[in-house]
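The data blocks that follow each hold one structure.
First chain A sits with chain B, and in the next complex the same chain sits with chain C.
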Partner chain A sequence: MVLTSTFTPRNFREQSEKACHDATLRAVLDHATRYFMGKRGVALEAFADRDTHFARARAARLTALSRLPDLLEQLEQRATAAGTKVHWAHDAAQAREIVAGIARGCGAKVVVKGKSMVTEEIALNPALEADGIEVWETDLGEFIVQLAEEPPSHIIAPCIHKSRADVAALFREKLGLAGLSGQEDLEDSASIPELTLLARRALREKFLAADLGVTGVNIAVAETGSVILVENEGNIRMSTTCPPVHVAIMSLEKVAASLEDAADILRVLPRSATGQKMSSYVSVLTGPRRSGELDGARETHLVILDNGRSEILADAVLREALLCFRCGACLNSCPVYQTIGGHAYGSVYSGPIGTLLSSLLLPAKDTRDLPFGCTLCGACKKTCPLGIDHPKLMLRLRERVCAGSPGLASAAHTFLALHPLAYRLVMGAARAVDPHLNLLPRLPGLPSGLASFVDSRQPPELKKPFTAQLRNARKKRGGA
Partner chain B sequence: MMSVDARQRILDTLRAGLATAPLTVPAPPARPASLPVGPDAWALLAEVLAPLDVRVRLAKTPAEAANHVADIARERGAQSYARWEHMPPALDMDDALAGLSRVLPDCCQTLAHVDIGLTFAQAALIDSGSLVLVAGRERPRAVSLLPPTHVCLVPRSALAPDVSALPELLRAHADASPSLPAGKLPSCLNLVTGPSSTADIELVLVRGVHGPGALDIVGLDWDI
Partner chain C sequence: MRIKLMIPCLVEDCLPEIGLAVVSVLERLGCGVGHPKGQTCCGQMAFKTGDAAGARAQALRSLDVFAGPEPVVCPSGSCAKMLRTYPQLFEPGTPDHARALALAGRVVEFCEFVLTLPGAPDFGARLTARAALHRSCQLDGSDAPQRLLAAVHGLTLLEPERPERCCGFGGLFSLQFPAVSESLVEDKARELLALNPDILVSAEPSCLMNISGYLSRSGSPVRTLHAAQLLDLALNGALTGGVSWS
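Up next is the complex of A and B:
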């Protein structure tokens, strides 16, 4: 995974601290998470046989993982037979190179993109822009964060942190847009439908001019070689219908064995994401347009991206994270996400599932703090329609972070606990030199395991011993 | 070359992972039976679509259907339309829309300037209110996408209970293929559920962000 902004998971603590003090952000998050939870709650209340459908969706995802290598080979074979060119990318750099190569091959000058987390993950836009290509995010929320040069802050609502006045300012300053009539200036007070219509007009031109459409994949069907894309705006349909070439990029776990499994997933995904019985548009795409058809891409590509995921399959606990189909419900239910929002996590994926994915896909040294940004309250687990046990995975990740020499740390602790004099000496010295224990990780000769153990925790300030406090209080009373 | 290596490496890692920690999937509970499509199907479809601002008009005869389509065009103030060629011969939509100019859906550029796109659903899912549109030779995808109003004709025979009907629908439209056991599926099938919508700015719902802001359905309530 590549980080595209100044936010980084390395600074998770500082970023979350800062976010906690941002009153505007708190208000926005409160409104947004309640909005999504409310809609979802109503939809799930009315969802007949809900638990059975959840169990079937989970089984469809589990089946995919249990047969992943075979299904990917089948997907490759069937998609190829349907006329799609299949590519494999071991990491983000390979994926970028593949897409850039396709873009060069078709002489692309303008690229339109459907909303896709995985293209954020591989930082595709800068790579294409470096080749002199104009790249347009076309999901309204993604378009806005692209103009603001920020990462998305929510899986399904990328710009919940922006107000209408922010959006008007961006349209005015970055796109030079005027008001609807084209005469007056675009005021900060422009209405949301007006702003949406302005974006529609601006992006419509790009869709019609585009040489290449790039999207993610919600489900790839191994049995038929199809990709399924789910959306509400129509930008993904536009990106796959208007430009002559379509590239779909999938993280490799997004496969489903059969159309039936895909249908079981489609029954649950929109309800859990936005409380809709079905998203406005679901496209099932199989190969390029056939002879005699008037529209649709003439050339279709499917990029299968690993980027660290295949390694996770060997861990029976952590691989549960690969079940996720990105409905975003765990974000909205999470008290930490509700407080700090998406950016503080410093990576493309935020909230409970984001913590898990980032910790698994990014270098360990960059994500040490992430699994500790969790209260283990279990709201995510309760919310997840696929039954992912996030807290269990969090604990596993914490174990991993703190692994090294746990034996040594506990041995030292045991010794001090059994020897009161040694304990007092050590604590007294520590209190005098370093009451906040800031230097502890840098102690010379400290084993690396112990160093990482203490570095990943912020211990409370060392207080004076109770007996000393009592003595002081007596002295004061005596003196008065 | 690079991607060939990547392929092998990925597959090897996945196989090694499953060998280290085998994964067995417990049998899931049976899929709940779909509700039968009964005489109240149109009412149910209208009910599920009402919150999406989609109106379902019922026609008992081709003439009634033509009247509905003409009404919709008038209400939307449309000047032009494009339509799928693929329509039952009994439905003379060109006659119904005689006052409007007909544009051939050659390409997206042309369709971007058309007021109404007229399609004929291959199925409609009652549970979610989804129209099923299968793209093909006389059924271009962009007709239901670029014009600001999408009008869809839904024959009674197309009513289906829910999304579990999707696999069968796809297979029914597949072409025989030597290398594909299930046949080669159509290049594109769209489920269309209500108008194009977004709530990306301040979570305020707006219809018609990229696709049509208006969707009108005319139910053809006779045996076609």
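Up next is the complex of A and C:
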């Protein structure tokens, strides 16, 4: 993964500490995540037999993972039979090369893209642009972050970190647009419909000029060789139908065995993501335009990307992360994400599921801090419609980072915990010397954050231990 | 009924008054309270920092310390949860795994345990006050504290806007990500204080330490109590353990 900004998971701690001091960002995130959670809550409240539907969606995802090699082979066969050219990409570089090759093959000068996290994962845009191709994001949120030269900060809401005024200022600067009247400059108070209309005008031109459309995949159906795309704006459908060539890129776990399994997933995905019974558009695409048909791409490609996922599948605990269908609800429910936003994580996927995926997909040395940026409160697990146990996986990742060699403070603590006498001696000595723990922040070997913790929170006081107090009280009572 | 008391390390050395209130309440409600010797840490710290071997060693100690048939009652959701996690640390089929399973089945969080006692939940406790309840994510959604405290006569039990939201402590998290942790406790304190309470109550000592530490730094006069302390006060009209109630 390559980012268009300077954020990196290596600096996760510094980035998150900085992000939570940004009062505007926090206010925008607070508003947006509450909005999503509110809509979701209402939709799930009205969802009859919710738990049954959740279980069916989980079953569909479990089926996919447990039969993955067979299903992918079947998918290739059926998609090929329907006229789609199927490509296998072992890693990001190979996937970029495949798409760049297709673009060269059709002489593409303009590419339109539907919202896709996997193309962020493989850093497709810079690769195409290096070939002199003009690449346009057509999802409104993606379009906004593209203009801002930022990566998306949320799986399903790429510009969740931007306020309406931010967007108005951005459009004014980058699109050179006047307000709808054409008279005055676009004002910061421009309404959302007005801003949307301006973006639509700009993007219509691109759809008509595009030689190639690139999208992700929400579900690929093995039984029929179809690609299913879920969206609300219609831009993904246009990206697959306006240009003569369509490339869909999927990470390999996105397969479903049958249309029935896909339906089980679709019953839950929009409800959990945006609180909708169904998204405004659901496109089921099976091969290119057939003779006699009026629309659809003339040439269709499907790129199946591994990029480290086969290795995750081999881990009995961590493979659960691959159940995820990217509804984004765990991000909205996570108190840490609500506070720092997506960019602080420094990788394409953020929040609880992003922490898991990034830790698994990126080099271990770059992601050491990620699984520790979590209070293990379990809000994600409670929210996940697929029953992913994020905290359990987070602990498993911490175990991998620790790799059997705990830090000095941790090892000392374990030693004392195993030797009650020594433990009592140390606590007694600490109480005698420094009962109010004033010296604590200066002790060597302890995390550097101790000083800031103590700054904002009165540390506890060391008191006469419970055991001694209980003994005394009981002695007194026995004697009385 | 005889029980064994599991006292979190934080309570042992920093908040002993919570332990004394637990003993007072349990004895008042007719329990014989044993306090096994040699308790240190449940291993949660090692477990949550990824040190599985350290956690396993500490778990083995706890298996010895808490051996026996009695229920093990713990005034902390997170420590109780750690004890219930022990089976994960041992190979299924081994004797230690079997012992861990047996212990896990005997561990009960304080409020849940009190709710199983005869006469529950109305023990005739009485306290006229407005209490804001912090549920604590560490209790895994248990509503035992609500049910227990709702039965206290005269008590107005209030819940903040986002009752289950984390207070931002998270153990080591609060030291590795101190500013994020502070932002979260700031949110929590704001939502709790908006209820205009006399008392802030929770069944989780670590959350209490975090929130009360923040409140005291920001000069708030709101008193923080563990659910056991509130119950002790409401049953006995005074707090056990030399702590004054004004």
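In this text, the second predicted complex is superposed on the first by the 399 of 480 C-alpha atoms of A that agree within 3 Å, B and C clash if a C-alpha of one lies under 4 Å from a C-alpha of the other, contacts with A are read in each partner's own complex, and residues count from 1 in each chain.
Definition applied: contacts are C-beta pairs under 8 Å (C-beta built on N, C-alpha and C of every residue); 3 or more make two chains touch, one makes a residue touch a chain.
Model, not experiment: these values are computed from the prediction.
Visitor: Between chain C and chain B, which one touches more residues of chain A when both complexes sit on the common chain A?
Guide: Residues of chain A touched, chain B against chain C: more for B.
Visitor: Is A:Arg26 touching anything from chain B or chain C once the two structures are fitted on A? First, second, both or neither.
Guide: Second partner only, chain C.
Visitor: One more residue to check, A:Arg10. First (chain B), second (chain C), both or neither?
Guide: A:Arg10 sits against neither chain B nor chain C.
Visitor: Per the contact definition in the header, classify A:Ala199: touching chain B only (first), chain C only (second), both, or neither.
Guide: The first partner, chain B, only.
Visitor: So, does A:Glu311 touch the first partner chain B, the second partner chain C, both, or neither?
Guide: Touch partner of A:Glu311: chain B, not chain C.
Visitor: Give one of first, second, both or neither to describe whether A:Gly373 is in contact with chain B, with chain C, with both, or with none.
Guide: So A:Gly373 only meets chain C here.
Visitor: If we overlay the two complexes on their shared chain A, which of chain B and chain C does A:Glu293 touch? Say first, second, both or neither.
Guide: A:Glu293 sits against chain B, while chain C stays out of touch.
Visitor: Where does A:Pro465 make contact in the superposed view: on chain B (first), on chain C (second), on both, or on neither?
Guide: second
Visitor: After overlaying the two complexes on chain A, where does the chain B footprint on chain A coincide with the chain C footprint?
Guide: Common interface on chain A, chain B vs chain C: nothing in common.
Visitor: Would you tell me which residues of chain B are touching chain A in their complex?
Guide: Of all residues in chain B, those touching chain A are 2-7, 9-11, 13-18, 20-21, 23-32, 48, 105-109, 112, 125, 127-130, 135-137, 140-142, 145, 162-164, 166-167, 170-171, 177, 179-180, 182, 184-204, 206, 208-212.
Visitor: List the residues on chain A that touch chain C in their complex, please.
Guide: For chain A paired with chain C, touching residues are 13, 16-17, 20-21, 26, 335-336, 339-340, 369, 372-379, 382, 395, 397-402, 404, 406-407, 410-411, 413-414, 416-418, 420, 423, 427, 431, 446-447, 449-450, 452-453, 455-467, 469-470, 473.
Visitor: Which bits of chain C are touching chain A when the two form their complex?
Guide: Within the complex, chain C touches chain A at residues 7, 10-17, 19-20, 23, 35, 37-41, 43, 45-54, 57-58, 61, 137-138, 140-141, 164-166, 168-170, 172-185, 187, 209-210, 212-214, 216-217, 241.
Visitor: Contact residues on chain A for chain B in the complex?
Guide: Contacts found on chain A: 31-32, 35, 48-49, 52-53, 55-56, 58-59, 62-63, 65-66, 68-69, 72-73, 76-78, 81-82, 87-90, 94, 97-98, 138-141, 144, 157-160, 162-164, 167, 192-193, 195-197, 199-200, 203-204, 207-208, 223-226, 232-235, 237-238, 240-242, 252, 258-260, 262-264, 266-267, 276-290, 292-296, 304, 306, 310-316, 319.
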